[in-house]
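Chains: A, B, C and D, in written order; residue numbering restarts at 1 for each.
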Amino acid sequence: MRLLLSNDDGCHAPGLAALRAAMATVCDDVVTVAPDRNRSGASNSLTLERPLRVREVDDNVFAVDGTPTDCVHLATTGLFDEDADMVVSGINTGANLGDDVLYSGTVAAATEGRSLGLPAIAISLVGDACVHYDTAARVAVSMVRLLVAHPLPADTILNVNVPDRAYEDLAGYRATRLGYRHRAEKLIADRDPRGRRVYWIGPAGAQADAGPGTDFHAVNDGFVSITPLQIDLTRHASLSSLSDWLDRL
Amino acid sequence: MRLLLSNDDGCHAPGLAALRAAMATVCDDVVTVAPDRNRSGASNSLTLERPLRVREVDDNVFAVDGTPTDCVHLATTGLFDEDADMVVSGINTGANLGDDVLYSGTVAAATEGRSLGLPAIAISLVGDACVHYDTAARVAVSMVRLLVAHPLPADTILNVNVPDRAYEDLAGYRATRLGYRHRAEKLIADRDPRGRRVYWIGPAGAQADAGPGTDFHAVNDGFVSITPLQIDLTRHASLSSLSDWLDRL
Amino acid sequence: MRLLLSNDDGCHAPGLAALRAAMATVCDDVVTVAPDRNRSGASNSLTLERPLRVREVDDNVFAVDGTPTDCVHLATTGLFDEDADMVVSGINTGANLGDDVLYSGTVAAATEGRSLGLPAIAISLVGDACVHYDTAARVAVSMVRLLVAHPLPADTILNVNVPDRAYEDLAGYRATRLGYRHRAEKLIADRDPRGRRVYWIGPAGAQADAGPGTDFHAVNDGFVSITPLQIDLTRHASLSSLSDWLDRL
Amino acid sequence: MRLLLSNDDGCHAPGLAALRAAMATVCDDVVTVAPDRNRSGASNSLTLERPLRVREVDDNVFAVDGTPTDCVHLATTGLFDEDADMVVSGINTGANLGDDVLYSGTVAAATEGRSLGLPAIAISLVGDACVHYDTAARVAVSMVRLLVAHPLPADTILNVNVPDRAYEDLAGYRATRLGYRHRAEKLIADRDPRGRRVYWIGPAGAQADAGPGTDFHAVNDGFVSITPLQIDLTRHASLSSLSDWLDRL
């Protein structure tokens, strides 16, 4: 089995180091392809306007001057002779809960591994300070082992969020649905040192749907939240009403 | 009613010009916020690492040095005093069919308008040459008019693909599900003029699921394809089996 | 005669528009190649890591997603069939005085035209508000006309700074040497909205050598300052003492 | 004494590692601030449009997401409590000879150290393969030691080019003037995988003035070439003729 690791915090992030160390205990063929800079918020973006450069920065660790999706895309379309069986992306510094997954590069890297032989995992550490990467790493190890022993369908993408606490203090595991957040906070208007107007994207909104069954709820209660994601964005339930609506055109 | 227009081909793209002209016939309050460069493939990426700059390049047309999602995000979190009621994104030069929507900045701009009062529309012109922007513009006008007269739920996102032909030659409208593509083509390895290795992301894969009911199928048959998209990425159907699986941990 | 115009404020800058309009009165073959974004501070930087894209944004106006030096470099190494005879760069919004020239993209664009048939001109408007682009445009016209009638050596680069006032209120023209500035102001430490530390480059230093004969002095007195620049960076006066010093090695 | 090291090949470049190791033998207070990516060709460009991020990637080694000039600028305007006495930039992979210095980020980093207490050194390894970084490192050590023992004026910038051969095979040291190159090679027109036109900047021109006394000549003969550079770009010799010429206006 060959594991492909990536992330969106960049190849130097502590979460990736923890994941690499943990995965080495599960599998003797691990390769990492990650952005050379922090690319949080990159979503599934692909770099189409310029070519990418790949640099081996450590043994079997490759840095790409692109997005998380670029990394996994290159790794699965010819960068290596051999295909990976599974992508594990993370350990992200900070939550990827609710609508965060739309913007998350961590989740996008996992999504890009959807054509490989095994499910893909995106794993994030939830907390303001982010100390217990070892906890998330143990969770990742357990999940990879279980996936190998009891495979899930290959196009499954698991979005895993781990509370930032000692492994012993976790309340357990829960299968969850995504909650959602309130509208994002207002933009932050500022001026650069030359007096020109600039705008920063504001913080994500507060939890809006964080009721029982959601990923927010599980994590708030100390559980590891595991949400199965789909790649098919069709809202199938609306198809027939949309068809009726179109008849009016 | 206030319409917010955006795209991913950039503020100078011919498809956006056609859309602007058409929307002016429907509504007297139209504002455009679009990337200052081509940002195809940007997906839902948000620029979090640096502040953004906004420049008014024409009457009520603003260029942002960021992604399509940045544009709509800024426009809906405080750039203007007044909120828009609806986002129309496009007209994209080229198809956004099947898995394309994962990577599409055109679709992402529409998605980012999900909290406004009316559904969001992403509209793309399907063809190699892309000549008939006027056809797609007429489709956009029809749809906006119909949405105003007969609203759909506000969180609806409609992904519209229009064959590149005269309006009279369209076969009609079809509500569709997303098809999907084969795995992407191999990366393209090249060398820069200094002899260093670079890699281009390869082309999208060929149509894999293009059967009846899909967007590919509709467009291939000369229909305007309209796919309702969902923002909730939870694969609800897998929740209970995932829960069982987790019991093994 | 063919004139090549460029700048560093970007193809949409008001100074470039003023320069284009003015040059059209001098010459019927004017082509503009300028950055698609503001690239102030770009110095002589060349984009070597990725290929460049060129877009014709107006009649004979080309926007490049690169630096001012990239623009003039492409324009003089094969973008056009015909060579230009002269580069005029500007009109820059703000001064390029003293050590500014080291960092200036406006000056760099002129420098990159050093191999053409006529001297190159970099022209900047000096003031906080920058209103009188027409004044600088008239200065540019006068200088181009004089250069055609009474050519200077082809490798001459003229750095022109024009006070921001009505043409009638200019005190005249002065040949000047570059003054220099005090050390730059301290960096500006800030935090992004996610609490992470960022640093802005601080403002340029105050005038240190602004005595008689300098560009600062001329402009402060209401004169157009014209400084001849050299491309040979060798400090010839130090060669023999350096040679002696090396004997100690 | 505090040494500040930088380069333009990026913080991971082998030449910087060799320089760091060598400088540690000369001085016990060495700090490195270098770009996080290869920024060859960056010249003196300053990043004014966005704030910069600094990451400590190793003990006293800081990576900046900016240019070489940004690195030295931040390091000398407040990033550290203590000022450096001298900048050493390199060891560049490849020559910085003749007009190369206009575009070189390696030389620019040294230039940016012009306000410190001791001369600045830019050091490059000249060859196609670049193997003998240890040779250039020994040269750097010799020069720093000599500068400490026998200081040169503080605003001196020394551009050092070392042939890529064993130290024993060097022919000696020579004080040189910059030669110059023929006009750059033609641009390289290409198409991206989507069929769109792109242009790469072509290679530097061949040696045009490589006669006795030039840096090209010294290096071609196996000598270490040391060129003193000036920051004052005024072409003083032309001032009086320019003044006469302006009288015609």
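Heads up, the rule we're going with is that contacts are C-beta pairs under 8 Å (C-beta built on N, C-alpha and C of every residue); 3 or more make two chains touch, one makes a residue touch a chain.
Quantities reported herein were computed from a predicted structural model and do not represent experimental measurements.
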Contact-richer chain pair (by C-beta pairs counted) among B-C and C-D: C-D
Centre distance in Å when subunit C and subunit D are each reduced to the mean of their C-alpha atoms: 23
Distance between chain centroids, defined by C-alpha means - subunit B, subunit C (Å): 40
Numbers and ranges of subunit D residues touching at least 2 other chains: 37, 48-49, 51, 53, 192, 194, 200-202
Overall pattern in which the protein chains touch one another (line/ring/star/complete/other): complete
Complex contact set, residues of subunit C against subunit D: 38, 40-49, 51-54, 67, 69-70, 73-74, 76-79, 99, 101-103, 105, 108, 111, 115, 142-143, 146, 149-150, 152, 156, 158, 173-178, 180, 183-187, 189-190, 192, 196-202, 226-236, 238-240, 242-243, 245-246, 248-249
Residues of subunit A touching subunit D in the complex: 12, 36-37, 48-49, 55, 57, 65, 192, 194
Touching residues (chain side subunit D, partner subunit B) in the complex: 49-51, 53, 188, 192-194, 200-203
